[in-house]
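Note that chain A is present in both complexes that follow, paired respectively with chain B and with chain C.
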Partner chain A sequence: MPKAILIDTTRCTACRGCQVGCKEWKDLPPVATKQRGTHQNPPDLGPYNFKLVRFAEHMEADGTVKWNFFPDACRHCIDAPCKSGASIEGSIIQDEATGAVIYTEKTAKEDFETIKSSCPYDIPRKDPKTKRIVKCDMCIDRVRANLLPMCVKSCAMGAMSFGERADMLKLAATRLVAVQKEFPKAQLCDMENVSVIYLVADDPKKYHKFAVADASDAMKGAPGMTRKEMLAGVFAPLRKATKQMQG
Partner chain B sequence: MSVSRRGFIKLLGAGTACLGLSKLGIDLGPAQAYAAGLKIEGSKESISICPFCSCGCNTLVHVKDGKIINIEGDPDYPISAGGLCAKGAALRSLHVSPNRITKPKYRAPGSAKWVEKDWDWMLDKIARKVKDQRDKDFVLKNEAGLEVNRLESVFSLGSSQMSNEECSVAHQSLRSLGIVHMDHQARV
Partner chain C sequence: MQTATPEATSALRGIETALARALTELPALSPLLEAFGPLLAEQARLRQAAPGWTGPAITVDPDRFTQGAFVLAHTQVGGGFEDMSAQLPAAARTLLPVMAKSFPALAKEFSALGKAIKSGALSPQDLAATGFGERQPEVPGVSSETLAFAAAELVRPFVERQAQDLLALVRELPWRQTCCPVCGGAPNMSALRRVNEDDAFIQAHGGRRFLRCACCATEWTHKRVSCPGCGCEEPDELVVLRDPARQHERADACKRCKSFLLCLDTGELADTPDPDIAALTMLPLAIQAKEQGFKPLAEHPWSNL
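Then we have the complex of A and B:
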């Protein structure tokens, strides 16, 4: 049965436990940093940061400042465009049991720009040492051993849940209805197409440029994927789910 | 090859399942190989406590060949239910960091250099300093003539990780010196 992660950003306090937990489990080396006037650190995902809590500030029309948190990582797309864009057999694989999209050592031979631009969420990064293309692997080693992915395990706020996809979709719909009472613009990001589903309280663009699929790069080169196609059908099941919940 | 009816249906089922999966473009096999080897497999698991704030979250420490290879939250701990914040999640790095100080270091007044010292020297030095300070500043009576027996020039910064029993012992020893200023790091 495919698995899914639900990330309820309304419960995220941006403690960054997930970000550090990920780095620790993966034994990723430290990265030199400096004060940039934001808690978002490092500034972007990198070869040694597969998970990053993004901080986004904006001012509402009434003058109140909103601070949105977005624990960004690979969405493990159900039909992964990066996998379709790969040219070497076995470089990008999808785990049958979980749906996790995994980059193997063979990605060292892939064209990085092709893989990176095929991703509608701007996730893949290249390790300058090993030349491998790297990203989150849903902690496939842990999941296979019946342990939670490290980010989900670390989350003390209960913002992240991991489980059977069907259960996560149900939970997502329940939470959406609850959150919408306070935040009418709340929505689930690209629920139909991905295994890592984000619940946001406002316009996803107010969280992160790539909170929902942005295939503007992919449209230029990679085969067959347009932004429109990526987003097609996203909202249909969502409406259905909320309708069910609301009766 | 003889196949029973039951066996034949089983085979047919397996074949159809494989066909279905390959149609979806899902590779069988390589992912299993990739997932092989959980790094904490065969390690000894002990419970410890995060040394940072007063939540005092339990942690699971995985030790293999005498080395800490992983530290993560303890799901049985009721406060965090296995979660850890960024500080707690970094405990293994804290432990293995080359910058971690593992020996007492002394910086003489006015000096810019830290000098390594052994524990006996350090404890004697601290005891001497505390005793001298106490003897110098101990106040028997306040301005109104009331008996106060206090030492206002020494401050104790304790730890939020201390148990009730440890707090009790620390409190008694500090009070016996007349120290009245006490706090711990989670409040500052």
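Then we have the complex of A and C:
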């Protein structure tokens, strides 16, 4: 049965335990960084950072400053546009048991820009050493061994929950009702389409540009499909044929 | 007191899921799992359909309870679980064939027992009393050990279902004893579970410790670093036995009173296995503990295999 992660950002204190836990478990190398006047560090997701706690400050109309935290990573879309956009068989696969979208070593031969631009959440990154396209894999090795994904395990605030999708949807609905009592604008981000569901207390745009799917180029007459997704789907067979000809 | 009572349907699903996983992970234990797995699943079905506590309402005195008087101690002298003998013949019709299939060497004895129950040679009342170890009637073609085992397993689903109702009476009351808050039984299993508290504080990764009653499967919280056998809290006296390949399974042993209790550490597990199936998979650990001179606080049906 498909799995899901619920991330309740109202409980997140931005301790970055998930970010560090992910990096430790994946044994990813350190990256050079510098102070940019924010705790968000490194500045963005990268080939060696599959999880990043984003910090977003903004001022309310009454002059109070709000600080929102958003532990960003792959959403493991139910119908993943990146998978539809892949031109090589087996480069991007979806694990049937969990629903995890997994990038294999074959992604080294994929066109990075196509895969990146097909993602409505701006997740894929390219490893300059291996040329592979990389991202969170829902800790598929751990989940298959009946262990929690590392980010969920390391969350000290109980902001992250992992389990059967049906159970997580139920939990999400319960939490939403509770949170809306204090934050009427609270909502669940794209819960119908993704396996990593975020509960935010305010307008998602106040957390991260890509907190919800980027639908700025949504196709008229094709509800639910963005131009990126449409193009990825249309050109996938062509790219596949080209790759085959190139060997 | 924090308690854990799984929903009936999820309990059955949990048994089936945990059994399938255990068979894949531990093929060496497949004879054991294939014998007791179907029995546990059938008992879960019986528990689901069992009537629960239908006896007179029990008034629990919070002060007495807090001082250690478990729920059944609040009934009249000699009181215990409600008589379930009326349900036992029907339960025997479904459970004994499963047991015969699970334990082929005892199939003839289970068949003889089934006939004795059907003919009335063994009354339901005698069967229930045998299940609680109060009587030892003679049944032709059935050894006393087989009769005791079958009767105990027939009674178990009804006891567990009644305990669920009785636990509801004391769920909000504190309980610091190492015996069961419902029936006073000793624990034969424990688990460390992360409990998602609805507050804004840092949550312990290790989780709280729940003890599980060997008699009625009630679970209740108890302090983590303490021997449930003698209360010893000396770190040098408390030993944790583990198989390095299965870190989530452990036997918490005490050098002072020489007892041990199996423990499932669920803190890192994505899917928490059913406690009975988990205890089955921990049989090698229990054997290891016994070889080192420790004794279980209470046994499982398979403990002496």
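We take it that the second predicted complex is superposed on the first by the 215 of 247 C-alpha atoms of A that agree within 3 Å, B and C clash if a C-alpha of one lies under 4 Å from a C-alpha of the other, contacts with A are read in each partner's own complex, and residues count from 1 in each chain.
One rule holds in what follows: contacts are C-beta pairs under 8 Å (C-beta built on N, C-alpha and C of every residue); 3 or more make two chains touch, one makes a residue touch a chain.
For clarity, every value in this text was computed on a predicted model and none was experimentally measured.
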Next on the checklist: Under the stated touch criterion, which partner chain does A:Lys153 make contact with: chain B (first), chain C (second), both, or neither?
Outcome noted: both
Checklist entry - First (chain B), second (chain C), both or neither: which does A:Pro43 touch? => result neither
Item to check | More chain A residues in contact - chain B or chain C | outcome: B
Item to check | chain B versus chain C as contact partner of A:Val20, first or second or both or neither | outcome: first
Next on the checklist: Which partner chains sit in contact with A:Gly90 here, chain B, chain C, both or neither? Use first/second/both/neither.
Outcome noted: first
Checklist entry - Given the touch rule stated above, what does A:Phe162 touch, chain B (first), chain C (second), both, or neither? => result second
Next on the checklist: Please report the chain A residues shared by its interface with chain B and its interface with chain C.
Outcome noted: 142-143, 147-148, 153, 156-158
Item to check | Footprint of chain C on chain A - complex, ascending | outcome: 3, 11, 142-143, 146-149, 153, 156-158, 161-163
Checklist entry - Can you list the residues on chain C that touch chain A in the complex? => result 21, 196-197, 200, 202-203, 205, 267-271
Item to check | chain A-facing residues of chain B, complex | outcome: 21, 25-28, 30-32, 34-39, 41, 57, 70-73, 75, 80-86, 88-90, 92-93
Checklist entry - Which chain A residues qualify as touching chain B in the complex? => result 15-21, 24-25, 30, 79, 83, 90, 93-97, 100, 102, 104, 137, 140-145, 147-148, 150, 153-158
